[in-house]
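Shared between the two complexes below is subunit A, which pairs with subunit B and subunit C, respectively.
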Partner chain A sequence: MVSSEHFAGWAFVTPGVAIIILFGAVPIVWSAVMSFQKDNLLSPSTPFVGTANYRQMLHDPIVTQAIQHTLIYTALFVPGTMLVGLVLAVAMNRKIRFISFYRTAAYATMAISTISEAIVFIWLFDPSYGIVNYFFSLIGVPQQQFLNSPSEALYVIVAMTIWGWSGFSVVIYLAALQGVPQVLLEAASIDGAGPWRRFRQITLPLLSPASLFLAVWLTINALQLFDEVYLSTSGGPLNATTVLVYYLYTEAFQQFNFGYASAIAYFLFLVIIVVTVIQFRVGKRFTYYRS
Partner chain B sequence: MTKHRLRGRLAGLLTALTAVTVVLAGCGTDAGSGSSASSSPIDIWEGWTGVEATTFAHLVSEYQSEHPGVKVSSLYVNNDDTLQKVLTAVRGGSTPDIAYLYGSWAPNAAQIPQVVNLTQVVKRPGVNWDDFFTGERDVATVNGKVIGIPALVDNLAVVYNKKLFAAAHLPAPGPTWTWAQFTADAKALTNASIKQYGTAYVTPGTEDTVWRWEALLWEAGGALLTANNKQAAFDSAAGLQALDTLRTMSVTDKSMYLDPSDSAYANLFNSGKIGMLVTGPWDLSGFPNVDYGVQVMPSYPGADGGHQTISGPDNWVVFNNGSARVSAAEQFLLWLTAPAQVKYWSLKTGDLPTRTSVADQSSVTAAMDAALPGDAAFVQNLAEVKQARPQITQYPKISTVLGTMIVSVLLGQSQPQAALTAAAAQVNADLAG
Partner chain C sequence: MTATSAPALSGTDSRGGLAGAPRPRSRRWLPFSPWHLVLLPVTLILLFPFAWLLVTSVETPAEALRFPPLLDPHVIRFANYSDALASAPFVRFFINSAIVSVLTVLSNLALCALAGYAFARFRFLGRTALFAVLMATLMVPFQVTMIPQFIITKWLGVHVLAAVGINHIGALILPNAATAFGIFFLRQFFKTLPLEYEESARVDGASRLTVLVRIVLPLATPALATLAALTFIDSWNNFLWPLIVTSSTNEMTLPLGLATFQGAHSTQWTLLMAGNVMSLVPMLIVFFVAQRYFIQSVAATGLAGT
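Right after this comes the complex of A and B.
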C-alpha cells in the first residue's frame, strides 16, 4: 500500500522533474564545463583550458567596468523600487473613489512589455526632443545628454527600471499592508501615537517580511539586468551601461567566446548566491514575523 | 545587415516561442535521413516580415507546385538571432537545411563543419555566378570557398529632405558633391531654435555605427587592414580625415543628431527635423511624410577613393543533413536566386536586385522607383560598391573596437588622432592574439 502510493507520487512528479533537469540542471552543468573550455560553438574542437577563462576576467578592463555598473545599478534600483512601491502602496491603502483604477494603473507598469517601455523612455529622455529636458528648461536646469552621456546613461536605465518594477513592489506592499491588524493601530492611537509614529513603529516592522522578500527578489533581478540595456543603449555609450549579463551576451553571441562567457556567468552566479545569503542573514535580524 | 533592427527585436519574443517549437520538433525527426532528392523536405530559417514574408511564401508555393513532392517548410527566425540559433541546432544535431545569415557572420559560419561548400555548385551551367554583384560574391566567399548564395543586398547613400534644402536656399546635392559640401549643408540646415539638425548618426557603437564610417574611410583612400589582414591600416591620413569629418559635424558645428538607440533618427527625418541622412534603401518606406531625394555618397576631392559606398549583403547558407537533402536545398536555392525570381522579388518588395542582369533592366528599376521613390538611385549605387569588409573571424572584435573609437570622437570624449592610435593598437593586439 505504502509503496504503491510512493510509486504514484513519483509518477506524478516525474514529468516536472524531467523538464527541470532537462532545461535547468543540464544547462547549468554544461555551462560549468564550458567555462573551463575554449569553445566558440562553431568548430567541434573544444579544448580544456583549465582556469584560463577565469584568469582572463581579472585582466579584462570591461569586466571591471561591468561589475561597477552592475553594483551601482543594484544599489540604486533595489532601494529605489522598494521606496516608490512603499509610498504608492501606502497612498493606495485606503478607501477612496476610483481606488481600484489607481491600483490597476500602478500595476500596469508590470504588464507593459519592456520594448514599449524602452521606446517610451528613449523619447522621454531624448536630449533634443525629450519632455524631461523640456521640463528642465522650464525650471532653468541645463539641458542634459542622458543616453548620449557616458556619465548619465546608467541613471536613465535606473529610472526606467524603477518605473517598470514599481508596480510589482506596490502589489507586494499592498498585500502586506492589508495584513496589518487595525486593532494594533487603533490601540496605538489611543495611547497617543501620531500617524508617523504608528507607521514607523507598527506598520513598517509588520511589513518587514515583504521588504526582505522584495530586497532579495529585486537584487537577483538587478544583478541580471539585460533587456533594458539591450533595447535602449546596447551597453553604450562607451560601455557606460555595460552590465555583466549584457557583456557576457556580447562575448557569447557576438564574439563567439562561449567559454569565456560561461566563466562570467558562473562568476555572476556565485555573486548572486553570496549576496542572497548575506541578505537572508542580515534580514533575519530586522525581520519581524507575526506568529 | 542592419535591416529591420527594431522590428526584429519586437519579433524576438516570437522567436523565443518558435525556438521552443523547433527544439520539440527536432526531438522527433532524424536529421540525417532523406530518401530521394525529389521528395526530400527542405527546412528554411528566414527572418522575412511584412511584404517580404508574403512574397517569400508565394515563391515557396510556386516552387512546390512546379516540383510536386517537395515540401519546403520555412520557419521565422529573427535575423539578429539566426546564427546563435543555428549554433545551438548544430550542437543538437537539428540544423535547418538552409538559413539566412548576415554577411558579417560569413567567416565565422565558414568554421561550422556542417556548412556546405557551394564552390562547385555556383559553377554549374545556368547559375551565372558573375551575374551577382562583386560585393555580394566577396561576402559569400571565405578563403576562396563559396559558403553562401546572396540573399539580399543594400548600400548606403544620402537621403535628403528637398523642402528643407529649398527653405535654406541650398542647391540640391549633385552627383559630384564632396564631404566639405555635405558638412557645410548640414551646418546650414541646422537650426537649434526649432530643433532641426543637418544630419544624424547612430551611436550604439555596434556594427551599424562602424560600417557608416568605413564608407568614409574607403572614400578617403584608406583601408581598414593591411592587404594580408594581419595589421590595422586605418590609423592613416584617410582614417583621420574620415573621423574629422564626423567630428566637425557632431562636436564643432553640432549639426549632427546622435541617436544611441538606432531607432529614433528615421522618425525624426520623417518628421522633417533632419536635413540629410546617410542610410540605406530599407529606410525609404519609413519616410511617407517627406519629399526626399537620394544622392550618392559625397567624395573627398584629391583622394583616390572617389565616390564609394559600403554594402551589407546577406547569404543563404546550406547545412549538411545528408546528400539528398543537400541536393534538394541547392536546387531550391538556385531556383530562388535565378534572375526571374530575383526580378519578381525586387518588384514586389522594393529590395535591391541581387543580380546585375536584373538591376540593368530599366523597366525593373523604373517600376521599383515608382513604388518606392529613390529606390532606383540605390540600385544604381550598387555600382559604387568597390570593397568589402575584411572576411576574417576576428571582424566582430575589430568592429567593437572601431565602434568605441567612433563614438568616443562623436561624443567629444577623444581627439580623432588619439582615438585612432588607441584603436589601431587594440586591433593589432586582437589580430595577433
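Right after this comes the complex of A and C.
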C-alpha cells in the first residue's frame, strides 16, 4: 500500500512536473551558467569569463538608460493604474442607473491584447493625423510629436498601459470593496463621520490588502514591460523608451549575445526581488488585515 | 445627519441595510446620482479608443489622413476588411491562436489537476523537494528562462519532434502545457475539500484516478474554471514567446500576426485598424459571453493574493 502511494504520486506528478523542470527549472540554472560565459553567435566555443558580463553592464550606457526608463515607467504606471482603478471601483460600487454599462466598459480593456492596444494608441497619438493632437488644438495646446519625441514617448506608453490595465485594477478593487462591511460605514455615519472621513478611515484601510497586492502585481508587470515598446517605438527615439526587457530582447535575439543577455536577465530578476521585498516590508506597515 | 454628507450617501445606502427606515433626503442637488459625473467622462475615455478604432476601420484611406480628423466618415468602406484579409491571413492567425489557447488550457487542466492532486493528498518520496522546485520556478520571471527555452525548443525540433520545434505552433503549446502556478493553485483548492468522500470511495474499491476524476474534479469546478480562464487569457495574448520562436506567417498567432502586419503596413491606418478590429473581436466576444468567469477569476487572484 505504501509503495503504491509512492508510485501513484510519481505517476500523477510526472507529466506536469517534467514539463516545468524542462522549460522552467533547467533554464533557470542554464541561464545562470550562461551569464558567466561568453556566448554569442560568432564564437563557436562558450568560454567562462567570470563576472565579465556583469561588469560589462556597469559600463554599458544603454543599461543605465534602460534602468532609468524602467524605473520612471514603473513609478508612473503603478500608482496611475491603482488610482484609476480605485476611483472607478468606488464610483461603481453602488446600484445606480447604467452601472452594468460602466462596469462592462471598464472590463472591456481586459479583453484587448497588448498588441491591439499599442496599435490603437499609436494611431490616436499619431503626430500628423492623430485625434489627440486634434483635441489638443481645440484647447489651444501646441501640436506634439508624442511617440516621435524622446521627451514624450515614454509617457505615451505610460498612458496606453494604464488604459490597458485599468479594467484589471477595477476588478480587484471592486472585489475588495464587496468585503467592506456596510455596518461599519453605517455606524460611522451615525457617529457623524462624513463621506470623506468614512472613506479615509474605514474603506481605505480595509482596501489596503488589495492595494498591496495590486502594487506588487503591477510592479512586477511594469518591470517586465516589452510588448508595447516593441510595437510602438522599438525602444526609440534615441533609446528614449528602451526598457530593460526590450534591451535584453535585442541583445539576445537580434545580437545573439546570449551570455550578456542572461546577465541582464538575472539583473532584472534581482531588481524584481528587491523591489517586491521592499514593497512587502513597507506595505506591511500600512496594511490592515481583518482577522 | 448633516446636509453635506447627503449626496454621497444616497448611493452607498441604496445597497445597505437601511432599506426599511425612511430616510429624509435632505437635499438632492442633481436629478441623478453625482457619481455619474465621475463615471461618465472616465467611461467615455476608456471607450474612446475602441470607438475611434471602429471609425477608422471603415474610413477611406484619404479620409483617415485628414487633419483635423473627420469625426463622421462620409463613406462607410467595408472594403478595408477584405483588403486586410487579402494582405495577411487573419483567419489563419485566428485558427492558430484558437488551437494554441484551447490545447494549452486543456493540457493545463489535465496535468495541473493530476499533479496538484498528488501534491495535496499523496505522501510520496521526494514530494517536498519537488514541490520546492516548482515554487522556485514560480518566482522567476520569463525573461530569465527564455534563452535556454529557445535553445531547448530548437533542439527538440531538430532531434525529437519537428512539431514542437521552432516555427511550429507546437512550440507555443508544449512549454506552457503545465504551469507551476496551475499546480499550486489547484493543490491549494484540493486541500480545502473534505477527505471523507475520497476515503469512502477508496474503501469501496475506486482507483485513485477514478476518485480524482469522479469525485474531486466535480467538486473543484470553480477552481478549474478560474484556472481555465486565466490560462486562456495568458495564452491568447502571449506575444514575446511566439515572437522568439515563430517567423513563418502560417504559424503565427493573432498578436504576432497583427504585429507583423503592422510592421508591413505601418502607415496604412485604415487597413491596420480593420485588421486590428478582426483580431480583437473574437476575444471580446468570448470575454462578454464568459464575462462572469473572467471577472471572478481575476478577482480570485486578487483575493488570494491579499
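Throughout what follows, the second predicted complex is superposed on the first by the 272 of 291 C-alpha atoms of A that agree within 3 Å, B and C clash if a C-alpha of one lies under 4 Å from a C-alpha of the other, contacts with A are read in each partner's own complex, and residues count from 1 in each chain.
Quick note on the criterion: contacts are C-beta pairs under 8 Å (C-beta built on N, C-alpha and C of every residue); 3 or more make two chains touch, one makes a residue touch a chain.
Computed from a prediction, not measured in an experiment: that's the story for all the values here.
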Overlay on subunit A: subunit C relative to subunit B, clash or fit: clash
Touched partner set for A:Leu42, first subunit B, second subunit C, both or neither: first
Broader residue contact with subunit A after superposition on the shared chain, subunit B or subunit C: C
Partner chain(s) touched by A:Gly236 [first = subunit B, second = subunit C, both, neither]: first
Subunit B versus subunit C as contact partner of A:Leu147, first or second or both or neither: first
Partner chain(s) touched by A:Ile119 [first = subunit B, second = subunit C, both, neither]: both
Partner chain in contact with A:Val13 - subunit B first, subunit C second, else both or neither: second
Subunit B versus subunit C as contact partner of A:Leu268, first or second or both or neither: second
Touching partner for A:Phe253 - first (subunit B), second (subunit C), both, neither: both
Touched partner set for A:Pro79, first subunit B, second subunit C, both or neither: neither
First (subunit B), second (subunit C), both or neither touched by A:Ser128: both
Subunit B/subunit C common contact set on subunit A: 113, 115, 119, 123, 126, 128-129, 230-231, 252-253
Interfacial residue positions of subunit A with respect to subunit B in the complex: 40-44, 113, 115, 118-119, 122-123, 126-129, 147-150, 153, 230-239, 250, 252-256
List of subunit C residues in touch with subunit A within their complex: 1-2, 4-5, 8-9, 11-12, 14-18, 32-33, 35-36, 38-39, 42-43, 46-47, 49-50, 52-53, 56, 64-69, 111-112, 114-115, 117-119, 122-127, 130, 133-134, 136-137, 139-152, 174-180, 182-183, 208, 233, 236-237, 239-240, 243-244, 254-256, 258-259, 262, 269, 272-273, 276, 279-280, 283-284, 286-288, 291, 294-295, 298-299, 302-303, 305-306
Residues of subunit A touching subunit C in the complex: 5-10, 12-13, 15-17, 19-28, 30-31, 34, 84, 87-88, 91-92, 94-98, 101-102, 104-117, 119-121, 123-124, 126, 128-131, 133-134, 137, 163, 166, 168, 171-172, 174-176, 182-183, 185-186, 189, 192, 194-195, 209-210, 212-214, 216-217, 220, 224, 226-227, 230-231, 245, 248-249, 252-253, 258, 261-262, 265-266, 268-269, 272-273
Residues of subunit B that touch subunit A when the two form their complex: 9-10, 13, 83-84, 87-88, 90-91, 108-109, 111-113, 195, 197, 203-206, 257-258, 260-264, 268, 273, 393, 396-397, 400, 404, 407-408, 411, 413
